[in-house]
């Protein structure tokens, strides 16, 4: 081939036709790829199915040995030893209390941070504060666990003398701190979505910023804010390492937050970390607890999606 | 007739403005609260680790003697875990995203998969641990090795990668696809040569964020079972392993026995946080550098 | 405390306010305004009188909105804004930093280009202003709501659905609702920034009639792109160009016999 | 394999292709097209000839883009599209479901309204087409790149920066790059959808000259809003209105002596 | 290849892994031996040690592909032996060292530094209703007793329950924990706490805890490496600790047997460091001979 491009021209279309004739797998690939990709996409669905199936099969076995009602109304949990008793209420109270404490911390602070960032802070300040808050969200939970155990608990014990060395209060507070960025960022998104025209309308009536925020912005952003709470609860309920480290493993049925308590997640960690020999009731109880946890968080997530979709304000 | 008494309004204005200023302070304090906690946390960890982070700590294997203990095994374990999680999430996450964005018809199936993914994102990590224990460790009989941990972790962080990749793919302008189709390219050629390269920065950002999540997760690995004492370094994905956060967990729990373990835990936390900050910075750099090129 | 007062058709003004038409409510003296580096208003001098409708016209970007937003200091929502000069509202310089904007805005109401009701019920929209200003009594609120809605000529259309969301109203109704919301705090002056530009002709007509009605009780400053509208409803007209007041006079004079060539060019549609 | 053929200035056509000017490349028969429920094209009948420039004009929304996108079936990217009728490309019905669109698009290139280079180097932009069609040889690719860039009259401007990102080029250069990219697969027909509407006058002129040049080797169909452009560069002109072809004739005739009243109204600027 | 004391240098020629679970009491000793083995003897062998507790460990030991060793702070039960037979697992008991159940109290507890054996039993059992310290002995403060101990996964729990408390019912209020570290922590932070676990966990946390001297009838005895002997003054609370070897594994995997031999040869030195009383030489030699016999 002589190389004087520009004078002599390549017959490109000829070249392309030539290539086309040679047997190619192109067509085959083209048909195969979507199928492969569908298979890959199906894995996420399979994961969910996998979770449900593994939990369900063993849970069913569990309920053959422990009556459903006894499990959900039992206030006594003594999973080890000869005369084991399985009542989930101690775990439920532990979970509910730690999540409730977490929300008591996270909701006001999260929403107030969101208000500050979205309504009061200048652009410059927001650009500095937000990423720092986001760091808080990216810290591994084990680090919070360490923090709760070695710092927050001793700190609290210095002015709550009755506080046990492991208790549900301290991890509850720390879970709350961990959730603050999530509540703040989702609530702020919701507030940012409120059109400025609405704020102007209120300001023009002589409202102060606080009145605008309280009576216009927050009501208008309510669905998003509530969704952030619901997701926060779901996170708090599912949180594991902080409670595993800092709340102890006492299975007493109590509402005293200064006491050591166990959550559903910490129970799972304790039982799998110790003994999880297949076939025992103890082993099945793991799945029953996990199933309860899964159903609970699933409902929460669906609720959050529902709230933010259904009650999205029309403006 | 007037209902609004201007004099009254003016009189009350002071209180209202005071309330506003007070609230503003309160809101500012709330925001600073989170930041203050972060500062305290970092300060505590840093001061507890003071003097414990050195070359030996990074290069020694685990030991029951605090002065000799190092985290090389946990670093190896973390790296091997990433060697499973990175490709697995990349393939699964990006594949799912491509399917949902480019191939799936908008409809029930697509929105079902989409809802499923956002629900999966909310499943507690211990539940993934149970799934990994039941399926990978027990049913597939892998044992609690890197591969089992890695696959468990991949499923856990999958939603992060899927959502980030979907956003990145959606951000590729339609006109680039048209340009490619216009040249006679097939759909897959277009995706491979145009869509994926253009969305790569966004995808990478998502993958890095997912990996940094995986690096910090503890619960699922504790659930699938990691020995309390494991000294040899893992040399492949079928070896037993430990990772940084699990090492922190054991040292924190045992700090009641050996006080110095708390320092080792703090030192390991510092290393872990440095790794995570570095990863997140890289993600931010990639995002900023390649943003808005079209 | 609650005395039945003026219906829609009475021409008596609000009790308790001195009525001496022609008295200035706003006196603007050498007002300059910058957004960051860019000057948006230059040496504005303008007196706005009580119980008149003052129209502000001018091409897009000439500073009309900026000017009326300065009158209730809403312009400050843009963080980079700087001003010099004075604006006296009934004798007090509102640009002085000690002046309380919330007070000012209670007396100087504003209606925006796009209707912006709150995502609340019609009732709550109207009651919002009185409530924040401390009126809590349900009976009084009820009366304020009715009076304001009547004042904005929308009472008959909404009286049966007071507790439904305001977003169920048509655009024109929403705009009159916003006017009613403004009336509910019984302002002294009402600022309107192109209040009809987002509305259909019939709704526009209704709002225009309403403005004519309101002028008996309030001083009104209205920005409009629509020359005919300015001619129809205003007593005085100010023509802005590039951030300056080119001409300010009786509306009749501006439209029939403008002093400035540029005014003439603009109102005859030669630019803008 | 590689046969040297006609240079830039020869009027002989590409080897291997029958050249008998006036022979139809596209015959459209009773084409109807719907987006979902809305019909966008109605009973189109149109023959497009080889080595001619065919301009398509008409007011916005009349279906011009839809029509030329049907010619390479790009219109199918909208999932709701349905068609009836036939389009024969060199005798084969391209609307038939067995027809391979990729083959069609290799022969029928397209240039879009907004320049849309890939976010790759200039070289890679041009090499993209040949590569996906299986040409991997670096030497051949080099030649194709040079030849195509020369063909699009942009070689001299970019030859020193072939490996820089195409987004560094000006809008006009980008558009010629896109034309070059299209030439690199040596299509038979080139479709252009308002190729100059995003460009400045000088770039527009360059592209117009290029079209004149290209017509020697390719059949060109160009959609334009610019009547002068259609008159300057096209041989035939089709006037579309509401999804129908109102008139299709020699460009000279359309612009000097249109048969249809609506065509006349349009080209004299009475609507559109 | 045998890893005797002779060939030092840590460059052993064996490869593979040894999996050990079971007793938390034995864990510190076993972990140290394993660490020494991996650093000094066989670098190629991975010895991993966990601490699920004796009973929990037996469940993992007596399973298909079970662990190689199970550490135990009690001897194997009959039902566990039966399970081993059923699975065809040949089990070899190896006595490793001696431990004394140590009753610990908070450092601030200045009243209960000495208790009689019966008082200990009363404190940890329910029927006697000793809810407050003052119920135990007049003069003790009128404050609630908080009892702590390892949970049912642990051999220590069973030893306490079966041997010391003679299977009397434990009160519901006892705080049972999985991890010994947690127990140490809880007792060290709770003034009214009283708990029990192996001597080693006390020995290594002397600064945080006080060990109760027990009066077995001949005056208070403090647990120590001297008193914890089979014929020592603390003998009533003394128990041997074991590790159980899966002999099938030992025969299949040379590293398992090698480790067992290393363990028996070196455990006694490590025992003292970790708070265990050493075995008699006789016991040690018997075990070693049994193990060496497996080599063929």
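In this document, chain identifiers A, B, C, D and E correspond to the written order of the chains, with residue numbering beginning at 1 in each.
Definition applied: a contact is a pair of C-beta atoms (placed from the backbone, for glycine too) under 8 Å apart; a residue touches a chain by one contact, two chains touch by 3 or more.
Note that the coordinates shown come from a computational prediction; the quantities given were computed from them, not determined experimentally.
The set of chains in contact with chain D as well as chain E comprises A, B.
Counted as hops between touching chains, the shortest connection from chain A to chain C is 1. Chains touching both chain A and chain D: B.
Fitting chain C to chain D on CA positions gives a rotation angle of 175°, reported to the nearest 5.
The interface with the greater number of C-beta contacts, when B-D is set against A-B, is A-B. Centroids of chain B and chain C (each the mean of its C-alpha atoms) stand 53 Å apart. Chain geometry summary: the mean Cα position of chain C and that of chain D are 55 Å apart.
Work out the mean CA point of chain A and of chain E, and you get 40 Å between them. For chain B, the set of residues touching two or more other chains reads 9, 16-17, 186, 253, 255.
Within chain E, contacts with two or more other chains are made by residues 182, 185.
Residue positions of chain D with contacts to 2 or more other chains are 103, 106-107, 133, 185. This structure has the following touching chain pairs: A-B, A-C, A-D, A-E, B-C, B-D, B-E. For chain C in complex with chain A, the residues that touch the partner chain are 72, 74, 77, 79, 102-107, 109-110, 112, 114, 116-120, 128-129, 131-133, 165, 167, 178, 181-182, 185. Within the complex formed with chain A, the chain D residues making contact are 1-8, 14-16, 103, 106-107, 130, 133-135, 139-140, 143-144, 146-147, 150, 184-188.
Only residues 80-81, 157, 164-166, 248-250, 260, 270, 273-275, 277, 280 of chain A touch chain E when the two sit together in their complex.
Contact residues on chain E toward chain B in their complex (touch as defined above): 17, 19, 27-28, 31-32, 34-35, 38-39, 43, 45-51, 65, 179-182, 184-185, 188, 201, 204-205. Here chain B touches chain D in the complex through residues 105-106, 173-186, 189, 193-194, 197-198, 293-294, going by the rule given at the top.
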